[in-house]
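Chain naming follows the written order as A, B and C, and within any one chain the residues start at number 1.
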Amino acid sequence: MLFEPVEKSMIVLNGVSRIFRRADGQLVRAVADITLEIPQGQFVCLVGPSGCGKSTLLQMIAGLILPSNGSIRVADSLVTEPSPERGVVFQKDSVFPWMRVIDNVEYGLKCRGIAKGERRTIARDYLRLVGLSHVEHAWPRELSGGMLKRVAVATVFANGASVLLLDEPFGALDYVTKRQLHDVLLKLWAQSDSENRRTVLFVTHDVDEALTLADRILVLHSGQLVDDLDISVPRPRTADSLLLAEMMNRKHVLLAHLGLEGATALAAQMEVGS
Amino acid sequence: MKGESIELPASAAATIPIGRANRRTTPWRIDPFGILGIFLLVSVWQLLTIFVPSSLLPAPHAVTGRIAKDFFSAQELTYFGLPDASLLGSMLYTVENVVIAVIVGAMLGAVAGLVTARFRLARSIFDLVVLTAGTVPILVAAPFFLIWFGVGRASAVMLVLLYVAVTLYLFAQKAADNLDPVFEESARTLGATSRRIVWDMLIPGTVPQILGGVRIALAGAWGLEAIAELLGSQYGIGKAVELFAGVTDVEGIFAALLVLGVVAVVFDAITAFCFGKITAWSVVARPGGR
Amino acid sequence: MSAVLRHRTSLLVLVGMAGFWQILSMIFRAEALPGEPMVPGWQVLVTKTFLSLSDYWQGGLGVESVASGGRPSYLASFLAVISNSLDTVIRLYTGLFLGAVIGTLLGLAVSWSGWTRRIVELPAQFLRTMPLLAMVPLFQLWFGTYFIGKVAFVAYGVSVIFFAGVVNAVKNVPQIYIDNARTLGATKFQLYRTVILPSIFPELRSTILLSLGTAWAAELGAEYLGAQSGLGYIIVYSEQFAYLDRMFFVALLFTLYASISYAIFNNLSLRLLRWAPRAGRDVLVELKGIGNALS
């Protein structure tokens, strides 16, 4: 499945920056003057070394913190606070331990006043889609980390958000569980047809993860957008897909941006203008 | 809703216990060695009575016999004009005071603690008052309460109430401070209003620590109530101890103290059990578990 | 809120409380007895009250006691305050020290073998649940109402806490340190001295702060119920005459001493524990708040 560009812009950032004051009083610019557009239905990965400001950027788009400068618009309206339209899957376990799994998944629906029978059905459907029907009534503390992440993903999808923001959600998981969750996420995302497809912004520092998931990779460094790569390899992408020339090429670029191998190769490439 | 679900490998699915929380260490699991220990304690006690005169140390069987004798009616207590003249009656009075004080004090303290955790202005005012009150043993207020509220139920209950409120204030505030902010953030992104955040996040999230605080406050409440009665009261198990002490009736003192101790232990066990059930979901150590 | 702003607010609140008290004293002019206001204002406290404390000076050092005809004077009051404060404080710290030492030694001894620990655990827990303050009359019977009696009572209360704290701390020493030492060839005794003792220091410090509250409460309780001198004695003696102003004055003194002792122990232990991993030190600061209230 390939991403087909749609006219409509879902997420628009205009000159966004964010400054923090550190404990010792010094000012730190976490995000510096970012302008970008993400069309509806695109799966974008935000990549960068630790401390580059990617989480801060994501939190601003979510509405959890406000930009110091510039504006963020999602679906043409200004973002000033969190909203169920912009679902977030956090890095930490955000599943509420004092509610059973099914109550967690339907929580957003409950907040919006949807009737009990209806929200139960929706929640059950999404639990089935992520493969957790059998733990519907379990307490979160009985579940493994991977299962908790599935619950978080199911919750966000069940709540009907049109924009999904994921902040290094699978960072703490082992390789196999991570791959399973990629499948879960992509499957749920590909459910809807292109008009209704959710726009995804996925923050990660894992280059392979970004290459496996994304239509487009944005690279952040020291709060600034330094690269914008398109991935045109069709899905589903396997381990073999990563060995394709285009993918290897992209991988080298990303590794170079992260300060790892291939820095000189990147420089050479940029001179040639490929 | 179309689409296939993701199947977990069969082995993984089979090992997940559903619904019933995995048994963790319960706070009152009885170790057989512990029973041996109790037995040894009583034996040592019995042994000591050989060397120590009974006017200082009554024998175990004498004490239990005395409890049985004086449980429903105690001649010694009636003699001094004590209305509810029995160990049971005295104990009931004490229990009533403690229960009222703990319930009301816990509610006041917990609410204040949660509120001040969220509102900085209230916090800077309350914190100083409570922390000064917390540095000094609440006992210092006892004589004042005796004068302000008179000799009677009110002064003892107020004293214990103050103690419980201060304790719960600290526990509730700490619990709210330590509640992972990710829960509130997640709730906001799911569309929860401020009211929902208080009822669905703040309160359930802090319940384990608050209940743990109640258990700890309850343990301390018994002693405070007893000494309040010792200072100025007409009734109660503390008053009974005072009366027995007045005529150097060591056996009686032991009997009264043992009754008080057993009641404290029983209440602790019951609250531990109930609180454990309420917070079956809790990932952290069981509330108040030692 | 920045630290400076917090300090300023604290100061303001302190001043506010003092002012509030004064306003209360002017509103509630009710008197428990003629001449004894229920809520004595500051002007009363500093003059009449302080002077009245001369009553508690037992005579000596060239200053005659009021009981034998001497006149109340600032000097007599000063001496009364000093001597009674010393009495209380000395009893407290003696009992605290004794209880800490006994409790720690017993705790370490019992923890030597896993079996002894398991045997002692349940009865010890039961003893700990026995309300301390209810046992004052018992201790008075056993040890009298003089110095020994008070010290014994405080020591008992403190040793129970230290015993439990030490046993718990030894139980919680991370197994990995023990395994490591044993694979490096340490004998059991060496293990105790070089691994277990240092490991339990952080928790010992928090146990001290916890027991400080109990010690003050125990001392006060013992003085309430039978003493010849001391701050608690003055309070309860004044209470019988409804001398609320004296009670309040002495209670303030008591508060001062207790706060100072907390500050000393808190700072001292933080300094001595600079090597401890962060969690250990945070526990201390947090427990200070909770431990104080648990008295």
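The rule is short, and it goes like this: a contact is a pair of C-beta atoms (placed from the backbone, for glycine too) under 8 Å apart; a residue touches a chain by one contact, two chains touch by 3 or more.
None of the values given here were measured: they were computed from a predicted structure.
In terms of inter-chain touching, the protein chains here are arranged end to end in an open line.
Chain centre most remote from that of subunit A: C (centre = mean of CA atoms). Among the chains present, the centre nearest to the common Cα mean is that of B.
The interface with the greater count of contacting C-beta pairs, when A-B is set against B-C, is B-C. Work out the mean CA point of subunit A and of subunit C, and you get 55 Å between them.
Rounded to a whole number, the gap between the C-alpha centres of subunit A and subunit B is 47 angstrom. Rounded to whole angstrom, the centroid-to-centroid distance between subunit B and subunit C, based on C-alpha atoms, equals 21 Å. The part of subunit B that touches subunit C in the complex is made up of residues 30-31, 33-38, 40-41, 56, 120, 124-125, 128-129, 131-144, 146-148, 163, 166-167, 169-171, 174, 216, 219-220, 222-224, 226-227, 230-231, 237-238, 241-242, 244-245, 248, 250, 253-254, 257, 260-261, 264-265, 268, 290. Contact residues on subunit A toward subunit B in their complex (touch as defined above): 62-64, 81-84, 86-88, 90, 92-94, 96-99, 107-108, 111-112, 125, 128-131, 133-135, 137-143, 155, 159, 180, 183-184, 187-188, 191.
If you check the complex, the residues on subunit B that touch subunit A are 1-8, 13, 16-19, 21-22, 180, 182-183, 185-193, 196, 200-201, 204-205, 207, 280-283.
Subunit C contributes residues 1, 6, 9-10, 13-14, 17, 32, 38, 115, 118-126, 129-138, 140-142, 168, 213, 216-217, 220-221, 224-225, 235-236, 238-239, 242, 244, 247-248, 251, 254-255, 258-259, 262, 286, 289-290, 292-295 to its touches with subunit B in the complex.
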